Amino acid sequence: MTKTYTFYPGCSSEKKASAANLDISVQSMCHILDIRLNEIKDWNCCSASIGYAEGGELPRLALSARNLGLAQKQSHRKDVVATCAACWLALRETNDRLNEDAEIKAEMDEVLQAAHLTYDGSLRPRHLVEVLIEDIGWDTLKEKVKKPLTGLKIAGYVGCQTNRPFGVCGDSFENPTYLDKMIEICGATPVAFDKKVACCGGALAFSELEKVCGLIKDILQSAKDSGADLIVTPCPVCQLNVEVYQDKVNQMFGTRFKIPVVYYSQLFVAAWGGSWKQAALHQQIVPANVLKRFVR
Amino acid sequence: MENQKIGCYICTGCGIGDLLDIKLLEDMATKESRIPVVRTHAFLCGEEGLTTIRHDMQNEAVNTVVIAACSPRVHVETFRQLEAPLLDRVNLREQVIWVQHLKEEDDKDVFEEDRQMAAEDYLRMGCAKVKKMDPPEPFDDPGLSKTIMVVGGGVSGLTAAKEAADTGYDVVLVEKDAELGGRVAQMLKVSPVKPPYDQLEQPPTAALIAAVEGHDKIKIYKKATIKETTGAPGLFDVKIEYGAGEYSTGEDSTGEDSTGEDYSTGEDSTGEDSTGEDSTGEDSTGENSERIGAIVVATGYTLYDETKLTHLGHGTSPDVITAWEFEQMAKAGNIVRKSDGQPAKRVAFSLCAGSRDVQHLEYCSGACCTYSMKQALYVTEQYEDASTFLIYQEIRTPGQMEDFYRKVQNEGGVFIKGDINKVASGSNGGLTVDINDKLLRTPESLDVDLLVLATGMMPNIDTTDPNQETDLSASDANSVLNLQYRQGPSLPLLKWGFPDSHYICFPYETRRTGIHAAGPVRRPMGISSSMTDATGAALKAIQTVESIGRGAAVHPRVGDLSYPSFRVDGCTQCKRCTEECPFGAINEDDKSNPLFNPTRCRRCGTCMGACPQKIISFSNYSVDMISTMFKECEIPEEDEEKPRILIFACENDAYPALDMIGHNRGILTPYIRVVPLRCMGSMNLVWVADAMSAGYDGVLLMGCRHGDDYQCHFVRGSALAETRLNKVAETLDRLQLESERVKMIEVNIMDSDILPDKINAFVDDLEAFGPNPFKEF
Amino acid sequence: MAEDNTASHTILVVGGGMSGLTAAVEAAEVGYDVILVEKNPYLGGRVAQINQYFPKLCTPSCGLEINFQRIRNNPRISTYTMAEVTHIAGEEGNFTVTVRQNPRHVNEKCTACGVCAEACTTEIDDPFNFDLSKVKAIRKPHMMAYPLRYVMDPEFAKSDAAKMLAEKCPVKAIEPDMEAKQIDIPVSSIVWSTGWTPFDASKIHAYGFGHYQNVSTNMHFERIANKYGPTGGKIVRPSDGKEVKNIAFIQCAGSRDHNYLPYCSRVCCLASMKQATYVRNQYPDAKVTIYYIDLRAMDRYEAFQKKVETDENITWIKSKPASLEENPNTKDPIVIGEDTLTGERYATPYDMVVLATGMETNTALNAKVPAKFVSYDEYGFIVNQGNGLTASGCSTAPLDVASAVQSSTAAALKAIQTVVKG
Amino acid sequence: MAYDLSFAKDVYENAEEGHWIKMCMQCGVCAGSCPLGPHWEFSPRQLFQMIRAGKAEEVLKSESMWMCVSCYHCMVRCPRGLPITHIVHGLARFAVEKKRADKDQVTRRFAKILWENMERGGRIGEMALTTKLYMVNGIPDGVKKGMEMKDQAMSMLKSGRLKMDPLHLSRIRGHAGFKAMLKKAREIEQKKRES
């Protein structure tokens, strides 16, 4: 039976945006799992983790409140699913604040009124990974595997905001295990990866590139030391920073990293027998050639 | 023992029968030791084995039982069921067969002979021992009282009094002031004691005072002082001089012995909280004598002298005050600058004021952190725009008090880790406090209205201000209890004026039986802790009077009915016993003869060990008994090259450690013969001389650690043994023997791993000296 | 005390650790009948596992031996080991307590002769050593165990080997078929002293306990430092048996932390100072670092802190470390954080790291009292209500040994008062 | 005067999650957890103590809070449960509001550009955002920066992950309402600050 969710893709998952490969692979993955993602119509940006400085508290929270208001208006479903870590975090944080802080709730009612919206705080923002684990279940995810990625060594890079402050399915903030489990299900081998929950620098890649490249270098080095052929992540910022700036890191530190960084959704689509394109693997910047032998 | 009939029962279980020649042992017991009933059994601790013994007790009139089997530490409960008038154990298992194992290099015959000899010697000693024993007759006195006296009417004393009375005991409460309640009653509020640990509470004293004053089992003396405490637990006679207070219950016996003196004109016992009340009104003063069973000392504390804290600005300005002054200010609802009466909205608290400071009080008073936090809330409660600063070294809010720490932070209390460098009067009338701010790593200047010094607690061990007294031994002159003890009128102190002894495992033990300290006089502590402590002390006092009522000893030889008797006609008035008893049990008459107080006694035998004339004996433990025992052992001829080493082992620690060697199947030399002692303190030098005369090659004493961190359960026993041993050289010289033939080592109960080596080292030393020449005789 | 046939005058003490032992002997020595129920096969509880007490650095067995003597010699105390209270009915003065007596598989005939253990070839993880070493499946629970009686592992009891062993016992003390029993005991009052469990350090993921081999806990360290522990008292690190010459202690591992135990566990600072002396006494050249938030050497124990502070090889860093990492080659744990007194970040490798884990009260875990008899604070500690059931020791707060004894002596009196009331 | 609490009280009341600051017990976990920790002049813990001590200028002008990468490590580890990430964000915003934050601070500048980019159309236009970011110090510098990053940009374009949309013309449909909403939110905040 088709499972349907309200969906908040976020800016990076727009067509031809930086996480277009996430969106395409997510759609392919959901197709295989018979999940329908109903995009919130006319959603707006959440301002991610950098909106605080210019927006301030209420305007920043209003961004997500509007999205929640739209979702509530457009559907009776309680779950709002996000694929981007920052989007999910912003939705959840806003939702929690509205439920915990009566003053903010009252102010937000007034704010939303200006956009002719209301929001009562009753929706449940979820990460797509939670849907996979809790609603679909590990067994089904495993059953779908047609092309086990045998022999592939993968560093599961969970990063920050998919993991903190909320965490996926109550998993540990310091040593979450779900991503390794996903890798295992796909038939590959998760390596012991020290930087599993380390920060890629997030949005500061735009302002403090040198500092951030230091962080990225440590992540790449750790992946390399652990013998990984590939890095897999659920987060569009992690994916972008670690993949796109590899050349920059190499330039800065004299290293020679060339490690593909893919999304868990890409991995699933590959292991489930999807095509190169369905997995959006053609959109990698560091080509994920190691996957070629498994994918048509 | 009259009509003594001894039954000796040799167990052959646990390998004893396989490894020893039981027949020889039986023969030895029968023929040599002349034991009328000798039996063996394969499983003596089993029901059948017990039945065998019971049968003999009923049908053969056996009244003294010697069990030759496992260690006296094992199956105590099993053999206790026999209810034999006298029973003793011979340790063939742990200390013979389990510690002697044939090694490759050993000659099997020699090995077996040695082992058999050890077993025989232990059996000989056991048989000899019981012949020298009599069943103890418990001490009794028709005048024994079960009344509990509580000294101090503060929160600790009130609690102890109430709890003892609620358990059904008569209580006499003695308070130096005109009012009950002590310091706590003068507080505005107290720190939280119940979840969620964030609300200040009313002082518990009001309810306690009401309960105590209305209690028909409690007699209260106010403005009272103890002139003298004579006697001993169960038999204390306490002379109480009281001022203008009536006691709440009991028939009126006041007035008659009135001395006309008013206590309040005397020196205030703590100097701190004199009410200054004039009590020369119509109330009469008087003196009374009470027969008391046991005493709880709850005399509380005195705050450290703030005038010594000039480095924290005391004396700089009237606005540098103590926490106690601040408490009174808050209680009056008027938190203001003392200098000009302006509202004090910015208040700094100096924690550890004079505490944790080698120049002042070395220890932490435990309660000042929470106390200051409470006071910070007073300021916040009085002024909406209050600012409070807690200048600290470490914040010490153990347990659930961490919640209170958070509460105070949440109320705006600012915590500053740092040292106060300087305090000066500020330009605007307040104070400027210069701090070395350790977290900001900068010097900071703090302008405040008041600086409150959280001074620490000093135990009120006597009636003078502890701030004035540096020589603790001089406190005797101003004793609270005025004990008529030969060793002095006060409780002996451990450190910093705290009167306890074994403060980890047995915190209520003091060195005066039946006198227990409670509350901050025992250890610095806060209010709820003091109340718990006082309840515990009340129990210990009750336990003392009940034990004494049964004629039994209290901790650690609980239930022991024996106590020493003194053959005074042999006394040479050397005073060793009266000086050395760790518990001050022995007084002296005017001719310096010992006057023994059985109910003060803990039965360690230190007096027995001290006495050069051997006039002090227990019915079941004596100098003669031990001497006879080891003299019974067969000493091999010199040419047999089998030395004999006599070991005196403390039965509480060293003896179990020796047992553990057996349990771990370690190896001990077969040349040792171990005699357990109640305490090394009971070790009499006569034994050393006797052992040498008997041909032993050496004597090894195994006592507990002594010194500052002593472990001796009788506090001084092992230390005294060491002192005595220093004199032994003289004795040995007289015998023309090497003084190194006698040695004392510290052994703790977990030393079974190193003990064999220590013993072997001693044996090696002795070898160098050659055999004891006295073997010839 | 007058005999009364209608109601029991017995006091039940639940828990045979330092608190329960104290409550039991203190009440019995006043003259009351006491039943002592302990879930382990031995008395002594947590302190029995401790190497040395602070501040005297003396062995707990010394005081325990005295308490065991007091029990052995006192006919008023009946002891049930391997027993747990499963139900409490009735009310103050007239409780009926259901006790489950778990099978020891060794009956009271046991003489501790050791024949069975010698014959037994099966080994299990030794719970007394926190599974850091192996022990025979039939064994004396630990060297100083009281009661001195062997115990058989319940899983092993099901095996044929167990039946073979039973044949070997010269006094027929081994009963592999022994089953759990329920016993209903009428008592007048109850003292609840079920003690504590070390906080499960593996929950603190940032510190990697259970993940990094050379990260240990304070209670494990007590066994490691003990002569009769898994390493024979040699302080060596688990990964490679290397002597520990550079060690860090991390305070408040779980305590004072809203993610775990928000309260302070009171003893851990002093315990780490004490453990620092274990290392320093064994290796004169060893370096010790103690990471702390506040050093809480309460009241007179301050003197112990002062004494340890004189050791120049001990470094004190006021900092709660943020996380631990491991050098994959050397297996050295690396402690990461900020020194709050210098503002400097550190990432320092050590041979070994000991987490000073706190106390979790068993009344929050597995020894809950029905709520109708007591109330609890938010951490599961019991708040006494004075209705015939008195909690003591670490059932009421995290306490050091002396404070637990104090609390339990007081509880004994409260229990007696119930009996006296009738 | 040191430890003048008026600044602290201002922060407690007016900075986002600022009231939590008084609960800090100075353990240092936050600083130790921060991936950019060594780059902070003052760690969060230090900032909090400085706020209590009344060091307004030093705090507000500090670059420290602009170092936050929003990894939330400090927040989940804080033993006192302080939402440190949000507090630090709040302090950055507070410094902006107090007009003490350096306008040229790179992250502050980026935050401003991002917000404006976002507000203009309701969503982010990645190319416009990047371009603007490069050009902030004038065109020559922008070209230089752009050249440095051209490999990255080209590969993004090539892989279909960067839209040629330098002008960022698209708008969400409810843009008017969106703008009105943000305006309202700012009004309410302004009003609160003034009261």
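Each chain carries a letter (A, B, C and D) given by its place in the written order, and its residues are counted from 1.
Quick note on the criterion: a contact is a pair of C-beta atoms (placed from the backbone, for glycine too) under 8 Å apart; a residue touches a chain by one contact, two chains touch by 3 or more.
Predicted model only: the values in this text are computed from it and were never measured.
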*Which pair, B-D or A-D, has more C-beta contacts?*
A-D
_Geometric centre: closest chain by C-alpha means_ = C
*Averaging only over C-alpha atoms, locate the centres of subunit A and subunit B and give their separation in whole Å.*
66
*In angstrom, rounded to a whole number, how far apart do the mean CA points of subunit B and subunit D lie?*
64
_Intercentroid distance (Cα basis), subunit D paired with subunit A, Å_ = 22
*Whole-Å gap between the CA centroids of subunit C and subunit D*: 49
*Interface hub residues of subunit C, defined as touching at least two other chains*: 206, 256, 323, 340, 343
*Enumerate the residues of subunit A that touch no fewer than two other chains.*
173
*subunit D: which residues touch two or more other chains?*
25-26, 46, 73, 76-77, 80
*Please give all chain pairs that are in touch with each other.*
A-C, A-D, B-C, B-D, C-D
_For a test of understanding, state which residues of subunit C touch subunit A in their complex under the given definition._
205-206, 211, 323, 325, 328
_Going by the contact rule set out above, which residues of subunit A touch subunit D in the complex?_
11-12, 14-21, 42-45, 47-59, 61-63, 66, 107, 110-117, 160-161, 163-165, 173, 197-199, 201-204, 206-208, 211-212, 215, 244-245, 247-248, 282-285
*Which bits of subunit B are touching subunit C when the two form their complex?*
13-15, 43, 45-46, 70, 73-77, 80, 163, 166-168, 194-197, 356, 358, 362-366, 394-403, 438-439, 441, 495-496, 498, 502-508, 523-525, 529, 532-533, 535-540, 542-543, 546-547, 550, 554-556, 558-559, 652-653, 656, 660, 663-665, 704-705, 709, 711, 713, 748-750, 752-753
_Help me check something: in the complex, which residues belonging to subunit D touch subunit B?_
1-3, 5, 8, 22-23, 25-26, 46, 49-50, 52-53, 55, 80
*Contact residues on subunit D for subunit C in the complex?*
25-33, 37-38, 42-43, 45-46, 73, 76-81
